[in-house]
Amino acid sequence: MITSRTWILAAILLLLAAVPPVAALLQQPFYLDLLRRVMIFAIAAISLNLILGYGGMVSFGHAAYLGIGAYAVGVLAHHGIDNGWLQWGLAIGASAVVAAAIGSISVRTSGIYFIMITLAFTQMLYYLGVSIEEYGGDDGMRLKIRSQFSGLIDLNDPTAFYYLVFGILVLFLYLTHRLVNSRFGMVLQAVRSNEARTRAIGFSPYPYRLATFIISGAMCGLAGALLANQTAFLTPEFMNWTRSGELMFMVILGGIASTAGPLLGAAALLLLEDALQGWSVLPKWVHEHWQLYLGVILVLVVLFARRGLAGLLPGRERND
Amino acid sequence: MNLVLVAEQTLNGLQLGVMLFLLAAGLTLVFGIMNLVNLAHGALYMVGAYLAAYFYEATGSFALGVVLGLAGTLVVGIAVELVALRTLYERDHLDQVLATFGLILFFNELIAILWGRAAIYSTIPAYLSGHVQITDNLRYPLYRLVIIGVGLAVAVLLWFVVSRTRLGMLIRAGASNRAMVAALGVDIRLLYTIVFGFGAALAGLAGLLAGPIFSVQPGMGELILIQVFVVIVIGGIGSIRGAFAGALIVGMVDTLGRAFLKPVLSAVISPTAGDAAGPALASMLIYLLMAVVLAFRPEGLFPSRGS
Amino acid sequence: MTEPLLETRGLRKTFGALVATDGVDFDVRPGETHAVIGPNGAGKTTFIKQLSGELRPDTGRVRFAGEDVTPLSVPRRSRKGLARSFQITSIYRDFTALDNVALAVQAHAGHSFRFWNSAREDSSLRRPARQVLENVGLEKRANILAANLSHGEQRQLEIAMALATQPRLLLLDEPVAGMGKDESLRMIAFLASLKGDKTIVLVEHDMDAVFTLADRISVLVYGRIIATGTPVEIRANQEVRAAYLGEDL
């Protein structure tokens, strides 16, 4: 169904697609890098939106999969395996397996328990990453060679990499759209909307929640692999719970349970962080302590602008 | 591996346990009674540590530092409750998580502005330093014993308040049926503020006790907060008894694990296994424990009724 | 005598010192409409929850269609054909009326691990859903968000969702609760049209509904059934009158 929101999303995607030539024209390669970063986090936010927005599961541990995906690439590279297919395949696979393990325990719980448990498991992985000296421990490790795709694409070419990320973003947007409107997606949303009613008509919520949890983890794992290639560096900080919090904010800022929301949210948060740190319009004391202002802004957003940016778009009658 | 070392580490575990309890008690009360997820609890711990260190240095008296530090944390806690948290009681957990997450960023940076990002120096006065000779072979730092003592004293005090006083009765009633307590004409907002203040004071106490042992720096609250979450999940939300049991268990498991897992693995399996898996496994131990507890008792070991 | 479709034997449930269900033997014949009435605090809700699976009894059995369903969860009992409507309206407020019913249809239309095709364009779900909406009289409101329906329409939607699962037995918890006079009469008439075709267990306070619809009535007081019989028998029963203390029977 094509709505006004679809046109707006299409417009945004068109703008994103135009960035490399425009950036080249204006000789501002920085924006290419920045927006590629935005898109990678948008992919992670889209995956979180599945469980948080549509599924109603407040997972505070989503950054774990960014870390797993990144380390899948890093660890294989460390041992001499630069094949991108293998690295990214492992990123997705390992994330799915870990999501299945963590999910099988956590998804049975809900509310405060679920939040704390997902948080705790992510920290566990964080400490695991810190304690393994071989892979850099606390300091992390560099990715000397980016993922190789046997000549198909060279990730060292910023523009090619940009369009690859863009392509994956569009693909995930489409896949998510199909998923949430499918039979499976209907049940997921029903569980979030009214769990008692869903059980009463004959659905057991657990398998659907767990499946979504796994799919979401796998998607985020791919985002992690992309992130490792983006920064050419990975540390356990990828899995820090503050990262999880940032992802959640991207989803909320954008507006939960909407297709375009995570993209808007990722853009909003990252651009906001960037602006607070470096925008010449703002005084220096803002730059130095930008986290203070970010914290205040985030609190205000939660208290007063709950529906997020997507809530500002026209045509909001029901789910996308 | 000798008995003295084991005894020492056991005491260390007990010490970590009571500190976790101080933090967990406040947090679990707030969860249980106000249904509020407060990630910024660690920030109050941090504030306690900083204020106590500051006042000790400013006044030269450790006791005064403690009192002012506690009072200061209480004030900050109540201010936060009045300004930011009141609106969150009615909101869902997601909003609470996000808002208190924003508060963490705010407080960490505020502390960094006031005192810088580097760890500050926090000392103990002469009369609390030194060691106590427990047995012929076992010497243990006096300060750590004091912490254990204070923690246990607070536990007894809390038990007394919750089970023997009117306030405690209201707290227990509020934990199992919020609406009913309000309907009975109790000023629920005042009760909430008192409970929150209580929790803040406990967090501040834990912070100022921890100052001399752990490093006092921005972000110190979050490091210990995750462990506090594990304590509460294991113990059961809303239950002080659960917080106590959970805290001691987590404190012991974590300390003893870090101290002995590597040597045990080295001895039982092989030195390389000990080296490779020891530290990693030790850092994951309490989370694995949490997973096991959840598998068998999803509501925790001592869930409060009505949660 | 035909085998009851639903029966309980020695059902007992306590909450601490409170005995909510005190050894209840209860049976429902196929095609029957069996009402459960009782003063407030009698334990009707607790009883219904043990029938639907939301609560497990401490002791006693629940048998449905000859099978012991006591250990079965709510979704599993629903899949066996036991449908429930809630006393406090429990629908999907952010979905349309049609979506609501379609979900109920979907729950009994094979597995839902299908990730690609749009469920809203699946005629095998939409057509039966529209039919059910038509049966309850809500077909004109199919595309309205459930939250925007009137209270009475929402109660109708509750029933529609229960019916859409093609149940063998309907467990209706105060279906006319909170409805105005006209709406109540319409609902009662509709439920009357289901009689004989569907087996119904009806918990109700509204005595008009009870005496119009019920083939048999069981009276629950302090967790025990003090009388079971036809409406005429129950009206005349002294114990029942005493229990209701002069309430208009």
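As written, the chain order gives the labels A, B and C, with residue 1 at the start of each chain.
Here, contacts are C-beta pairs under 8 Å (C-beta built on N, C-alpha and C of every residue); 3 or more make two chains touch, one makes a residue touch a chain.
Small disclaimer: the values here were computed from a predicted structure and weren't measured.
Chains that touch both chain A and chain B: there are none. Ranked by how far their CA centres sit from the centre of chain B, the chains are topped by C. One finds 31 Å separating the Cα centroids of chain A and chain B.
Spacing of chain B relative to chain C, judged by their CA centroids, is 48 angstrom. Computed centre separation for the pair chain A/chain C is 44 angstrom, with centres defined by C-alpha atoms.
By the touch criterion given at the top, residues 178-179, 181-187, 189-190, 193-194, 196-204, 207-208, 211, 317-319 of chain A touch chain C in their complex. Residue ranges on chain B touching chain A, taken from their complex, read 31, 35, 37, 84, 87-88, 93-95, 97-99, 101-110, 112-113, 222, 226, 229-230, 232-233, 237, 279-280, 283-284, 287-288, 290-291, 294-295, 298.
Chain contact summary for the complex, chain A toward chain B: residues 52, 58, 60, 105, 108-109, 111-113, 115-117, 119-121, 123-124, 127-128, 130-132, 241-242, 245, 248-249, 252, 289, 291-292, 294-299, 302-303, 306. Within the complex formed with chain A, the residues of chain C that make contact are 52, 73-76, 78-79, 83-84, 86, 90-96, 99, 102-104, 106-108, 112-120, 122, 145, 161, 164-165.
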